[in-house]
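Encoded as structure tokens, here's the structure I'll be asking about.
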Amino acid sequence: MPTKNDLNYSYYPGCSLHASAGEYDLSTRELFKALSIGLTEVPDWFCCGATPAHNVDELLSLSLCAKNLELADQVEGDLAVACAACFSRLKTTQHVLGESDLKRKQVEKALDAPLKLDGKVKHLLEILARDLGLERLAQSVKKPLKGLKVACYYGCLLTRPNDVTNLDCVEAPTIMEDVLKAVGAETVPWTHRMECCGANFTLSRPGVVIQLTGAILESAKEAGADCVMVACPLCHGNLDIRQKEIEGVYNTHYALPVFYITQLVGLAAGLGADKLGLDALIVNPLPLLKEKKLI
Amino acid sequence: MQKHITQQNLNTLLDTLIKEGKRVVAPRLNAGTPLYEPLTSSAEMITDQLPKRSGKEAFFPLCEDIMSYEKEGQQIKLTDIDPARFPETVLVGVRPCDAAAIPVLDAVFSWDYKDEFFLERRNKTTVVGVACTTADDACFCTAVGLSPSDTKGSDLFLTPLEGGGYHCETQSEKGEALINSHQELFSEPNGSKTVPLARPQTEKFDLEKVKKWLDEHFEDPAWDSIATRCVGCGACAFVCPACHCFDIVDEGTEKSGKRRKNWDACGFWKFTHHASGHNPRDGQPKRYRNRIMHKFKYYDDKFGQTLCTGCGRCIRLCPVGIDIAQIVEELNKK
Amino acid sequence: MSRIGVFICHCGENISRTVDVERVAAQVAKLPGVAFSTDYKYMCSDPGQNLLKKTIQEQKLSHIVVAACSPRMHEKTFRKAVEAAGLNPFLCEMANIREHCSWVHEDKQEATLKAIEIVGMMVERVKKNRVLPTITVPVTKRALIIGGGIAGIQAALDIADCGHEVILVEREPSIGGHMAQLSETFPTLDCSQCIMTPKMVDVINHPKIKLYSYSEIELVEGYIGNFQVTIRRKARSVIEDKCTGCGVCMEKCPVKKIPNKFDCNLGMRPAIYVPFPQAVPNTPVIDRENCIKFKTGKCGLCQKVCGPGAVDYEQEDTLIVEAVGAIVVATGFDLYNITEKPKGSPIKGYGEFGHGKIPDVIDGMTFERLASASGPTGGKILRPSDGKEPKQIVFIQCIGSRAREKGISYCSKVCCMYTAKHTMLYHHKVHDGQAYVFFMDARTPGKSYDEFWRRSIEEEEAVYIRGMVSRLYQKGDKIVVMGSDIAVGVQVEIEADMVVLATAVQPQKGAELLAQKLGISYDKYNFYSEAHAKLRPVECATAGIYLAGACQGPKDIPETVSQASAAAAKVMTLLSKDKLEREPIVARVKESTCVGCFACKKVCAYGAVEEKEIRDRQGNLIKVVAYVNPGVCGGCGTCQATCPSKSVELDGYTDEQIVAMIEAL
Amino acid sequence: MTQAIDTTIYAAVSEAIQGEAQRILSAGEVTAIVGYATARRKGSAQPIVITNADDAQKLIFTPACVNNLAVYLTKAKKEIPKQGKIGIVVKGCDLKALAGLMGESQLKREQLYLIGVPCAGVLASTIQPDTQLTADTIAPKCTECDAHLPQGCDFVPAQTPVTPELEKKYAAEIARLEALTPKERWAYWKEQFSKCIKCYACRQVCPFCFCEQCLCDRNKPQMVDTTPRPAGNTAWHIVRAMHLAGRCAGCAECERVCPMDIPLNLLNRKMAKELKELYDYEAGFQVNENGPLNSYTEKDDQSFIK
Amino acid sequence: MHSEKQKHDFEPKIIAFVCTWCTYAGADLAGTSRMQYPANVRVLKFPCTGRIDPVFILKAFQQGADGVLVSGCHPGDCHYIAGNFHARRRFAAFRKLLEFVGVDLERLQFSWVSAAEGGKWVEVVSDLTEKVRNMGPMTEFKELALEEQWSGAINTAELKEAYNEI
């Protein structure tokens, strides 16, 4: 059993988790509470710049993240990040500013403060799989996710570029599968685990997104998955919210619920549907969970 | 001339001399080590410890420049040291064993070659000796015919008085000149008694007899047993008030540098090491023999003096406990 | 007093543009010991060298400083010139005022002052230079060749034909290397075995070549001209002298289904085997791991059936020592394995290409075996998974190569060409098939190479897609290959029956261990390093050791053979001499002050320091001192920096010389 | 009240040494023995070489037996007989030097007969010989001694010394110096080094300064200025400390004999400490072929290299 | 493009001890690549970093160097197999010693610069020059060289002045 609060993190939810992905935020907080992991939201955090900022103005995108990192530094513990895009931006900032003295000086000038960049930024996955550890995670399971076949979807930002995020092997990551196996689920091998969902084009080129996301869902279905699991609100948006639309375009039927990692792990940890925001999912997961006797 | 001076006035005297631009050299502590060194204030002077190096340094520096060179293109420019720039010095608080060594050194430095470096410094220095009140079992001035109140070598000699202050006795014109220049600080002797002086324990050697033995025993197994354990450092000679060997080296680069004179010691393996690689004194016993011979025979042969004043420094500091007093004592018995 | 001559080079304008050479010459002339100083347009040119020689004689110069380019460039040139003028070459030094001065500073004033100082420093140094006599060592007129691929074979034959004895050591049971595995070879499409096997036979029949197959190098001692090499002859379990190569044993061996490495595990072999029918020597070897006799003590069939009684289960490894004067390293290459984490890479293999788990994703060498008439399929292109003929085949180039994240940033050089060859072979054998090639660039610099490549497209109808494959995955019995065509800017997906990966050419596993035994250097990939990329491409920095073939870097056969012959020529040059001269930059011990602490011996990586007893005329031991074997000393000077009493000095870099330079600054 | 240190066993130790010396000399097991004997001054001791069994009773062991006699076995000091096997009286600290010398091919174990002494400590150099051994008068090196009982000797008297825990004097002083700024440290050493008179006593007593010609005596080139001026002195001390780094056995002889009281052993101890931290090397009773500065591993620290 | 060169009040003297095979060649490469760097450095060529005796560093400081650079092949790249490994230990120890006697280690830089790293050479040299320039002259050894034992000092004006101040 995890001893009381030996793990403590500052927490950067990011904009999505305060908007469209409220259930990710909720389930994260509840899960961490259940696992006795301390989580303190960074006061006054603001947008990391997400996918657009760095396409427009590099200095701006770096400064946004640098400022957030500085704020996070005020709170004890490594910084826990839920959104893969926020994670990518924060890590990229650390990387770029660490490599380039010039950019670092520019940002310092912009923020009018010296930078501290050595704080650790961690995705929730890392916290669960490594800091807490698979063993302790397994011990905390109250309701193993027996019989649930999950297609773990990494998307493109979590592991790439390798030397920036350093999360797992860039070509054959296993961290999601490791976590899910620890809580008793079955993970399916499938081909589109790391294909891009088109997050950048969600609003500008929906056609592209539909094509890309369609292939992902198709592949998950083909591999025999019951559901898909993600660790990013943007991926979630494309796979879950757009699923109906895609089914329409390709005239097919997937009905693949798309969970956040915290929802599935939370479920295994014995949290109720209300605490996990399962009702907020568009593709209704309840029939599946009932069928598998998980609720 | 006989005078008295209080401790306070002595201090005033020294401080005044310093202000006048004279170099006042006296025992003081340097990073914990008692040494004769220039004072910046009379307060630095210590009286209770025998300095680890002797007073000879005031005339015969550990290291001194004698010339410098500089190459300009194909030209070489030599600059001699101007002894006129040597500072006026007052050497204060010199123990009798150290003071007595000064006239001994005079002999060798003004013999066939007049060493202007030594002599100029000597001329510019007034020696203020002070009687010894304590001695340890390494002291043996009495054995070589001196004593804790011996005034040899001093221009002015001080003896501590009971209740503080000193009895002053001039030994030379320099001593008188020193008193005269600051008369107000001295008073007439007031009948205070001097404190009891030290009494070294060694018996007087029969130096004649010792020399005689040395005259006849250049080769003798005794040398081996005396000095096999000598490790060949120069500590004994470097702390000795009477040793005066030196070595001349050029230091610097192709472009510029100095010719310098450094202390040398007969214990060093390089002492008398010929360029050919041959060394007539090719072992510590032979080198140590030279030390004893020089002190108790050669110098006597040449200048009628003994090259040892019994300060006992080499005995205290020899890394391997070679004890010159014991050695001479044993020779004395032979 | 030295009479130093200083020659300042303009290097055309390379130096004089930023360095006021006349001023340098004038300044330097004032330095003590400098008797002559001048500047000249091109010192390295013939007239320049003549000026140098003439002035040495006219001015009776004793030491020379040439201020010009880097000594790495022309030190030899000027030392030779100086020697021709009658001075010892080591009395000449170069001051680098080009690479270290005129080229890196713009300010003329600054550069000029710096040049004056650099030259001044070298003037002081050269004053302390001593005449260094050339060192001679005797030469053992035999050569050792390590590795019996085409490189080793070619070198062995060339040297042996010249009349010198050759020892050829091959790790595998047969010589031949990778070339023996190839089907046909670009750019001419000759059958590889047709041109290879006669050479292999020449080796075994050559009276001057002693072949140790199934053997490895255990230990290398000695130095140029005088190596002692210990060779481990691994226990073959078959006595070579008795075996006639009839092959009955192999027929009778009950174990049959051991994947044959030679066939890239496509075909099977028995426990007693020769790797391929044309093997040289044609003597089988028992694979003790799989032999029943060795596993259980039973069986022994082969021994029973062997007429000449050549099978010997008791055989043990034996060690042989051979004395040689030169060594050629020709250990070749290995292919990159997509399942393994490459050296120095944070990334494990090519996970996106199925981690080597999809049976119909094969590498180029496997394709060679499929295409080879003597291969496991008799030359038919068939899928390993189900033996069907692939109708759509995708070749992907640059697998591992030129991928910095994989720890390999070099180009493997042969893949473009062999992939083109593969498309042709495929098209010749599967007429209705379609070949696609994903490629980054086509690198075809070689005689008739680009023509060959074009033929693949123009005549053999291969479709070349410029772009990389992002992933491939198995879908039913197809392999979906997803990639981009960057020429057109579209994503492509091909459902292929078979995929061939042109995996990177890498050094042999453990190449660095052999290098360490030999004392030669290797690059960060473990390819062996040549002494100079352009001018000494077949020599190692370690004297007497030469390189041939793919162990030095990726190479195709023409290049391999050229280098092998070049290495052979170098060896022959060396062996043509009875005695050898070497640069006298070696350490020397001053016996009079050495105290025999042997700190020098402990730090010498070459093992050049020996213990030497000094005795008086009666033979009594006076002391033991260090002695540096000038033949072995590499000339690093580590011993000197380590010796407390400085009793060992590196000629050419003595303390006096270095201190003179420091003091000049 | 300073803590007295019990030296009562020294009498019995002396007796045992005498007995053993008598035995091995008369049995011809050794040709000579290097040990300690009384000297003229009260309570003092000096090194002695005996070759005759009758002289065995001259051997003593007292708190004044400070010398590291190992120096007499090195090549630089040629006068000690080189023929045959030599007996030597060694304290634990001295024995480490012998082990080091064996590692540096200067001695062979089989040529020595080691008479180890159980030692509770010896007097500091600044103390008059006939003083009681206390926490104040003890040699600084003895406060850090981990070798009161020498190991691997041919003979060790049976007595066991009583050794109180003492404040580690070098460690404390090194820590004090380390805490200073570079400028302050420079000032400290400048003052200390300026006292040096280049008498080379430190070098001459060091068992590891066995060079036949010290680098500092060399003049082509003049690596280190020979004059006893501040510049030459500083260079000498840096070179000396560097040459002894990884070799020094910690006998503190150099410091003991310095007539100018320069704390030389601080430099040695500091280097020992660093080498321990960097390469886990420590001088001990083991004979090491490779010292820390003539060996390496590929993984050695290089954080200081750009 | 010629940038305006900045003039400085103090130009440090930097001495670089480098090995022939890697760093010297790297510096050559910087030259052949026409990279630009401050002219303060003077390069002394050694066969190998293994040949570099710590005494040379000391000597360089004594001769007035304000900064010293020691540079050679990366570990594993030594032309002489292991010279740089030995050097690495030697210099690790020597640094500690210098630090302990109070030498500011900022003035002593060690680096690995390969024959291919012309850029790194420029960077290392420029950085060290810049750093030392900001630190100002290395006065410790220079001052030391001017000092005499009291007994050898002659009556210089400075001496008088010193006494006058009392």
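A, B, C, D and E label the chains in the order they appear, each numbered from 1.
Heads up, the rule we're going with is that a contact is a pair of C-beta atoms (placed from the backbone, for glycine too) under 8 Å apart; a residue touches a chain by one contact, two chains touch by 3 or more.
Since the model is a prediction, treat every value here as computed from it, not as a measurement.
For the pair chain B and chain C, chains touching both partners: D, E. With centres taken as mean C-alpha coordinates, the chain found closest to the middle of all protein C-alpha atoms is E. When chain centres are defined as mean Cα coordinates, B lies farthest from chain A. Looking at A-C alongside B-D, one finds more C-beta pairs in contact between the chains of B-D. For the pair chain A and chain B, the distance between mean C-alpha positions equals 86 Å. Chain E has its Cα centroid 51 Å from the Cα centroid of chain A.
Chain D and chain E have CA centres that are 35 Å apart. In chain D, the residues that reach two or more other chains under the touch definition are 194, 215, 222-223, 228-229, 293-295. In chain E, the residues that touch at least two other chains are 54, 59, 63, 76, 82, 86, 90, 148-149, 152.
Shared interface positions of chain A, defined as residues touching 2 or more other chains, are absent. Contact between chains, using the touch rule, shows up for A-C, B-C, B-D, B-E, C-D, C-E, D-E.
Note for the complex: chain E touches chain C at residues 2, 5, 13, 15, 20, 24-25, 27-28, 30-32, 34-37, 39, 42-48, 50-54, 56, 59-60, 63-65, 76-83, 86-87, 90, 122.
By the touch criterion stated above, chain D contacts chain C in their complex at residues 75-76, 104-106, 210-215, 218, 220-223, 243, 289-291, 293-295.
Remark: chain E residues 63, 148-156, 159-160, 163-164, 166 touch chain B in the complex. Those residues of chain D that touch chain E in the complex are listed here as 177-178, 182-190, 194, 215, 223-224, 228-231, 234-235, 237-239, 241-242, 245-246, 267, 270-271, 274-275, 278-279, 292-298, 300-302, 304-306.
In the complex of the two chains, the chain B residues touching chain C come out as 71, 73-74, 253-255, 277.
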